[in-house]
Amino acid sequence: MELHVSAHKQLGTFSLDVDFTVEGDRIGIFGPSGGGKSTLVGLIAGLHHPDRGVVVIDGEPIFDRERGVNIPAEHRRIGMVFQRPHLFPHLSVKGNLLYGFKRCAHRYRKISLDSVVEVLQIDHLLHRGVRNLSGGERQRVAIGRAVLSNPRMLVMDEPLSGLDDNLKFQIIPFLKSVCETFTIPYLFISHSLTEMRIMTDRVLCVAGGRVEAQTTGEQLARDATGDHPSVYMNLIRLKGPRRIDDMCAYPWGEGELLISGASGDEEALFEVSSADIILFRRHPEAISARNLLQCRVSELFNTGGRIGVALDCGGERLVALVVRRAVEDLEIREGVEVYAAIKATAFRQLG
Amino acid sequence: MPLFSHSDYLAILLSLKVAVVATLLSLPFGFAVAYLMTFRRFPGKVGLDVIVNLPLTLPPVVVGYFLLVLLGQHGLIGKWVLQPLGIKLIFTWKAAVVGTAVVGFPLMVRSIRTGMETIDRRLVEASRTLGAGWFDTVMTVIVPLSIRGIIAGSILMFARGLGEFGATIIVAGNIPGVTQTIPLAIYDYVSSPGGDAMAMALCLVSISISVVVLVFHEWLSRRMVRAD
Amino acid sequence: MKKIIGSVFLVLIAFALFALPVRAGDLNVSAAMSLREAVTEFSNAFSAKNPGVKIQNNLAASGALAKQIENGAPADIYFSANVKWMDFLAEKGLVDRKNTVVVAYNAVVFVGKPDLKARTMQDLVKLEKIAVGSPRSVPAGDYAVQAMKKAGIEKQLEGRLVMAKDVRECLMYADRGEVTGAFVYKTDAEQMAKNVKILFVVPQELYPRVTYPLGMTAAGAKKPEAVAYFRFAQSAEGKKILAKHGFVVE
């Protein structure tokens, strides 16, 4: 999908002024609260209109003030998932799910109720009223409802921000599988870097009503600049564990990662801070860390004033955070072999 | 208990008829106005609010007189719209309906607005992104969610209509069997020495009807709460 | 700000509580609506002769007035448009019969637009709407309904009679054209009508003669001002005023 927006909108003292073109099916919009992300997305969905400018999707102008083009929101076929589910309280779950479907022209109806219900696992909820659902169930129904309207694009405005961590990482797989299964391109808005990295390929950074950059989640994490300098977090997806004592061993690269405190799920997402990875030039003889990985340095980069050392471990990637002095002392350079030590307790399971 | 005369029975039936018709007639307009006031922004919104609420603050007699001037033989609407169409409103039961509707209109609008204002605005946005145009949204989202306000407004208006006197007597006159509603009949009896017993009897009828209406409203409200 | 609101509130309450008392030497005259101009002139003439006496004229349908007096409204003089209501008060002991006297007579007429073709009672059945005083409280209406009954047209006019609260309201309806015609007194039509005129006089045999008894209430009889007024209304000067306004006097 190709999205082009060139628009200006004044809202009181705040003004949104953007001009960008972005391509891809998993696009993120990242930035601080009040920076204009929701406004921008509202313009794309047609809920508000720019004072001047154009909005073009895949070459088709859906708004062009000069030429008097303004396709109303209900005809743009852009589904929206909000921060809160906003389900229709007077309709059952099934009624909510089918609301958009019924209003979708027959020729566009590729996604059916049954398939969505299966992917989101909400079969048992179909005939319930919406008031007695849990937060996670509600958000899943909201996602299903938006998807069933068979949109050409899905816009998700901080859909996970209202959920606690546990729930967040439960819903993310649903979101991803729904959009992958039904091949719906989406715009994903969030102020969480982790969510960006998991959900998107390209990211627009929006702040102060302007698009500051077009980048990737990975790059943002590495840059770690801005108001909240953060430490780069490694995100690792692992499958097929076996139990050793009270730990789980997941195959990774050419060996295994031993993780303490994992739930033992068949497939899981873990994060480990780059600051928790210690580098050795030589194999340390006796070390308490259960994970000792042989890696090659692939890249060095600046991150928040320190050095990120990108490592290649048997085909997998890791980033370790070290201070400049350490790099000089250990003579760490591209292509050099190092050992990376990670404690089994350093991993945090996300979902 | 004195027996009601023929014209008394007519008065009771007429009161019910006028109140029901006035309520039904006002419903679509009341809903439209409440919708505009709640969900739309437009220049002159404050002006509309004032005009709609005016009958609430004016003595009904003033409203009745104003309607008489407007709709009568020499009035703006009477002369240029009604007469050419051959419609006579003054001193007919239709005038009673108009007077009752105008006086009760602000009550209906208020009730519906109160109900509408609790509707989550995002639901309207959601329905639009799901493909519903504004009319579709109104019928499938806003009406069902404001039904409580609509019912409350209707009942309030109906009850007010049963008791409407000031505007009615001016614009519809006191014509037994045709425009003499319960309040007008009571007034007639009250002005007459020896008419107290009949006046009281009609009062009791009026009270009974009101009690029935209020009980019905309560029951309906309970049912709606349970349905949730 | 609170202090200001508080003091305004207190002042308002003070006004309400300490309302000006009714002065002694006040006279309350309750008279039929058809006597409005005559009674006003009476009262002015009387006041001129007796400065210091404040007269309150209360004008409405005779029946409504009788009801008010029955319920304790202050009235020293009662001037009715029929004998029925005066008798009613006498029976209740509110008026002493020896303090009543008939001073004037009137006639019922039918008024309408000058080009309206209505010359007899029978002609009225063709008309759309007719204003008439509510017979339960307005003597003019009572007389008119009796006449309609005697003329045999009452049933046919069912649903077409607009009940007014007094005879002047009938005239107003006819004048404005909201009704096709109205039953009023000859005196009203001659005095007040702007757009309508008398189309015919209702034949006297169809209804009892319109009689105006003047009475002094039991309360009024105790007041020297009321006695003086009572006498004045019966004097030559009083009669002249009544005649001037079209009433038939003894």
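Order as written gives the chain letters A, B and C; numbering starts at 1 within each chain.
In the analysis below, contacts are C-beta pairs under 8 Å (C-beta built on N, C-alpha and C of every residue); 3 or more make two chains touch, one makes a residue touch a chain.
Because the structure is predicted, anything quoted here is derived from the model rather than measured.
> Could you tell me which chains are in contact with subunit A and with subunit B alike?
Chains touching both subunit A and subunit B: none.
> Taking each chain's centre as the average of its Cα atoms, which chain lies closest to the overall Cα centroid?
B
> Taking each chain's centre as the mean position of its Cα atoms, how many Å separate subunit A from subunit B?
Roughly 55 Å separates the two chain centres.
> How many Å are there between the centre of subunit B and the centre of subunit C, using C-alpha atoms for each centre?
The answer is 35 Å.
> Mind checking the centre-to-centre distance between subunit A and subunit C? Centres are C-alpha means, answer in whole Å.
Once rounded, the distance between the two centres reads 89 Å.
> For a test of understanding, state which residues of subunit A touch subunit B in their complex under the given definition.
45-47, 72-80, 82, 84, 86, 88-90, 99-100, 103-104, 129, 131, 145-146, 149
> Taking the complex as given, what residues does subunit B use to touch subunit A?
Result: residues 120, 122-123, 125-133, 136, 140-141, 144-145, 228 of subunit B touch subunit A.
> For a test of understanding, state which residues of subunit C touch subunit B in their complex under the given definition.
61, 63-64, 66-67, 70, 85, 88, 129, 131, 134, 136-137, 158-165, 173, 176-179
> Considering the complex alone, what residue numbers of subunit B touch subunit C?
Residue list for subunit B touching subunit C: 68, 72-74, 90-91, 173-178, 180, 188-195.
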